[in-house]
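Heads up: the structure comes next, in structure tokens.
Order of writing sets the labels: A, B, C, D and E. Residues in every chain begin at 1.
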Amino acid sequence: MTEAGTTAVIEAKALDLVFQTADGPVHALKDVNLSINRGEFVSFIGPSGCGKTTFLRCIAALEHPTGGSLTVNGLTPDEARRKRAYGYVFQAAGLYPWRTIAGNIKLPLEIMGFSRDEQEERVRNVLQLVDLEGFGKKFPWQLSGGMQQRASIARALAFDADILLMDEPFGALDEIVRDRLNEELLKLWARTGKTIGFVTHSIPEAVYLSTKIVVMSPRPGRITDVIDSPLPKDRPLEIRDSRDFIEIAHRVREGLRAGHGDEV
Amino acid sequence: MRSLFPILTVVAAIIGVWYLAAIWMNATWVYDQAARDGREVGFSEVVGQTLNQERPVLPAPHQVAKGLWDGVAGQKVTSKRSLVYHGWVTLSATLLGFAFGSAAGILLAVGIVYNRAMDMSVMPWAIASQTIPILAIAPMIIVVLNSLGVTGIVPKAIISAYLSFFPVVVGMVKGLRSPDAMQLDLMRTYNANGAQTFGKLRLPSSMPYLFASLKVGVAASLVGTIVGELPTGAVAGLGSRLLSGSYYGQTVQIWAALFAAAILAASLVGIIGWVERVVLARMGLVR
Amino acid sequence: MTGLGVQAALIAAGFLIDARLGVMLAFWFGAWTLNAGLAELRAPWVRRVVPMIFGVTVLALWEMAVSLFDISPVILPAPSAIWAQIVTSLPTLWADFLQTFLKGALTGYVIGCAAAVVVAILIDRSPFLQRGLLPVGNFVAALPIVGIAPIMVMWFGFDWHSKAAVVVIMVFFPVLVNMVAGLKATEPMQRDLMSTYSASYWQTLVKLRLPAAMPFLFNGLKIATTLALIGAIVAEFFGSPIVGMGFRITAEIGRLGLPMIWAEIAVAALAGSAFYGVVALIEKRVTFWHPSQRRQGTE
Amino acid sequence: EDVTLQLKWVTQAQFAGYFVAKDKGFYEEEGLNVTILPGGPDVAPTQVIAGGGADVVVDWMPSALAAREKGLPLVNIAQPFKSSGMMLTCLKESGVASPADFKGKTLGVWFGGNEYPFLNWMNKLGLKTDGTDVTVLKQGFNVDPLLQKQAACISTMTYNEYWQVIDAGVKPEDLVTFKYEDEGVATLEDGLYVLEEKLKDAAFEDKMVKFVRASMKGWKYAEANPDEAAMIVLENDETGAQTETHQKRMMGEIAKLTAGSNGALDEADFKRTVGALMSGGSDPVITAEPTGAWTHQITDKALQ
Amino acid sequence: MTEAGTTAVIEAKALDLVFQTADGPVHALKDVNLSINRGEFVSFIGPSGCGKTTFLRCIAALEHPTGGSLTVNGLTPDEARRKRAYGYVFQAAGLYPWRTIAGNIKLPLEIMGFSRDEQEERVRNVLQLVDLEGFGKKFPWQLSGGMQQRASIARALAFDADILLMDEPFGALDEIVRDRLNEELLKLWARTGKTIGFVTHSIPEAVYLSTKIVVMSPRPGRITDVIDSPLPKDRPLEIRDSRDFIEIAHRVREGLRAGHGDEV
């Protein structure tokens, strides 16, 4: 925003992150360069331990890079965090067990000081969005795993942050439910124009959702390929049988395989 | 309710063993007495006598029950011989001390969780403080407080607080630290301030730990009060009943006071357990 | 802990009320600021140094209070006087320690904890016994030690056996309750695994449930350390031979030998903390795999 | 005027004089408002007075003199008890017939300042108390060690524990008793002690004069009316543990001990006590002849 | 074995299982009929909560049916369990944290009384099989999630049970690793002729691995389709682009979608 003439929301330059552990340093991110524009849907894919989560956490200022630069809206990630720029969906649902579903969704709204009426209104809207009307008064453990995951997505959507960061949000769901939620997520993205960072293990999912696919490889974690998707914005599920789709999927798979190297 | 039958069975077994032990332990005295009188006693006579001694080594269950009954129902509650009166004296100091102790414990725990220096310096010394024999310093505490003009139930309550704060600190520190990294990260992404993180995350997640330690704490409080009653000149309270019973060798009185104290402790723990169930159910933490 | 401004205000208020109070407050906040600064350093030695500075600060304040406010040594002796007493009475202190800690507390601790573990394993197979015994056990655990001790002295004599008996009763139930909980602490999946192997009861016990119970057991064992020492000392108030920490304390009260009483208290606190520390160390070795231990390990 | 009195032990006829004086209004007549604090096994009167918890305490002279040497300047202002009630009570069947039989036996002793007369006596008999000649056990609050035969002999008071042994069912002819008075090792028991510097204050001195005068009046009344005195004590017992028979009997025995005293300390008794305490062998209770440990300043004025 | 003339290893007839819960009974399995022959590879697929796990647990005698009959090798499941007929891989790795990886794999061997040497030998073999040589001395938490899952598979393989039951064993792994392990599993199955029951959420995985695919639907859990695969025993990864493959996958997807009904 402060930098004139650029629409880059997230800009990483030569990003480095080394964890100091008891067994010695772990090089989780090495020389990561990436620029994400406003309104993009970016997927991160790569083998376990390649630094996908770590990169997402850097963007959200939950982790602090040990080298390079990272700006969000031209600010440091921490400044952006203080401006409440992020909605974050963790790998596990992580609902507070002592709050009802509605209470969980209200949590960020309370903290950010929304009015009572506004809170009720927003809870109703997002519950509808994720198909959980009528479950607001239930406690998390009264819902199945998939429903909990949807509630946690609703929680991240409730306060309308510009940037949505999602770490394998659909990992625990079966294929059918997953397809349906993928469609919903695309619709939401089209409607709101949010910038979305999305981690997944599934190649079809990454290809289906993204405008940009970032392939990573481990030890040290770095970006091996960035694929801009030529798919149109409007994507029916059937698009997965299209030529373009299969080609991109193939390219992602090759990139992944290369990254795996000797490691299984 | 499901437990009622097992409990009754265990209690019945204990009472049975208790009777046998009473006969065995009290028999020596019966034989000694007979020997001093130069008499011979038969076994059945011995059994009869062991269960109804004035100063038994181990009073029989029915003697203790009678002592309890006499103490509770056989007197006006204002009477100095009433266990209700002495129980109330002990209970009031216990409640006050428990309030002090748990408040101090919670505050310390908050300090330990939020302040690195406190985290490092307080815990080892809190542990050391609990290894000090309280009975040894209780008289000194009473004397010092007396010289500062603090008398009545407060000195007892302070000793009781001293014993009860520790379990609360330990449990509460554990509880306040129980949120996992992800739950804390969530608060960070909301840019929640310290008070919000405390009120909306740490405090609610510490509740199960808090109640568990309050139960331990209230029992410790009661013991503290009883200990505190000894150096105040054994004026009133279950502690002084124990002591005067001990001084005059009135075993039945000791055991009655002992059981009264245990019943009191069990009721206090029961009340906290009930509050726990209500609160946790409200919070949706009971399934 | 408090903002610098608040500290300064408190010190000033202290000086206004009483110059001596001001001096002590200033000293306290000075030491605290030092500690707070040190605590921010992430070096490993900090974990050792900070509590020591804290302890030294408390002792120094104690010494200052005694000399500044001219507190009578028969009310509260100064740390220096207590130290002098410790140095001159080492043989007596050692004899008392031997009697109370090594004979009374330690014997009772070992017997009590071992009995609790065995009983826990025995009643573990019977839900009936558990439902019946645990509430009754909680009730017995609530019996105040000051009432139990004279009875034990009457039953087991005045030497250390009665002290050990008191300790056995005090440590039994905390350990039992923890051990019973620990034996239940296996996950259903872990038990199912054993079931698919068609493992026998004893195999499941040794290979799964005992290891899984260790974190719980050590919780109980740690609580029991502090109880054991207190129990052994307090029991001596109700009859003892003429040696022992509790005996010394009662005897010295009568002749106002407060430095000696505090010397015994210091030994008790030291021994108790060391006992706790040793058990915590063993815990670290045995339950190295538990997340609570792992986190400490890497920090 | 307020006066706080700390007793050495729990409420019982041992302290009847003070309760009678309070109950009968003798203190009130002097314009005093007296608070009587009961003691117990966990209360050291010396510590209480040092901490300012009492104006005047009842204590035995050995522990008072020991405290004085430790730096707490206690002064005896009155001595209502003329003779000692302490004795050693033995079971006949344990084979003790005379002090010569103590060797090799286990003897129960009270500690907490009450052990000095015993140690002095053993010293005089040439018996070591470290377990080589006699085994000493710190007896608890009651007479169980004797009844359980954990000790051959235990310490008892003529007015209290002895009767507890009897009440437990042991016949007097099964017992052998050694009174400290008879053995020539008696030390002074219940006296009234205050802090030395406070005596320099004329107002305090005046208060003590009134207190001692009223207390002695109480004692003499109790001696004359033992049953009434016992009932007064019983009413003042907050624990509700005392019994009428026991207190009446105790009052009778106490009266024998207070009989010879008008309240003023007899210097010869003092000298004898000091002598006993200083001859304590390797570990004497006091090492130097105490000076100013007693005064007739109060009794002279109170009893004129 | 005892019944002559049949090669059915597992035979379920009108199987019923009702859980009694606080909220009333849950009909987890209803009228399930299935016969599995020796050496078959059977996949179970279906929406969350349809009873896949429950059925597998019934076979392993971890759950007791409330109706119908179930035999394993002609015996009751419990008898078969006592004969140590099963190797079971749970959905989560479930390694014992106080044992090393090698120690975990040894666990069943110790219980079944293998000799020391034999234990060492077998541990070495299975570690190699799942590509974990050199990790035997590590503790579980020192390995990534995927490696733990592989260790748990090794544990189930170590004692060579006739029947291998696997409950979503590859759920936590990324696509590349998953592909490789799928291949390995097929090889192992071909070599040993074990009978395998395999639960998965992934349609391609089910089709790629199985000789028989069982599609289930929930409330109450029942079998809606049993598909015998015409694919040859020898299956390169490329087979996934074949016509047969795509057809079967389509049939499974349709079956699944039907089972989902109104539920998301």
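List of remarks:
Following the convention adopted for this analysis, a contact is a pair of C-beta atoms (placed from the backbone, for glycine too) under 8 Å apart; a residue touches a chain by one contact, two chains touch by 3 or more.
Please read these numbers as outputs of a predicted model, since none were measured by experiment.
Counting only chains that touch, the fewest steps needed to get from chain D to chain E is 2. Counting hops only between chains that touch, chain B reaches chain E in a minimum of 2. Listed here as common contacts of chain A and chain C: B, E. Innermost chain of the displayed assembly, by C-alpha centre distance to the whole-protein C-alpha centre, is C.
Set against the Cα centre of chain E, the chain with the most distant centre is D.
No other pair of chains has as many C-beta pairs in contact as B-C.
Chain C and chain D have Cα centroids separated by 38 Å. Inter-chain centre distance (chain C to chain E, centres taken as mean C-alpha positions): 50 Å. Inter-chain spacing, taken between the CA centroids of chain A and chain D, is 84 Å. Centre-to-centre separation between chain A and chain E, using Cα means, comes to 32 Å.
Multi-chain contact residues of chain D, defined as those touching 2 or more other chains: 41-42, 44, 47, 50-51, 140-142, 144, 148. Residue positions of chain C touching 2 or more other chains, listed in rising order: 75, 150, 154, 237-238, 253.
Interface of chain A with chain B (complex): residues 57, 60-62, 81-84, 86-88, 90, 92, 94, 96-100, 107-108, 110-112, 139, 141. Only residues 72-75, 150, 153-154, 157-158, 236-242, 247, 250-251, 253-257 of chain C touch chain D when the two sit together in their complex.
Residue ranges of chain B in contact with chain A, taken from their complex: 182-183, 185-192, 196, 200-201, 204-205, 207, 283-285, 287. The part of chain E that touches chain A in the complex is made up of residues 47-49, 131, 144-146, 173-177, 180-181, 201-203, 253, 256-257, 260, 264. Looking at the complex, you find that chain B touches chain D at residues 29, 32-33, 36, 54-55, 57, 79-82, 135, 138-140, 143-144, 146-147, 230-231, 233-236, 240-241, 243-250, 253.
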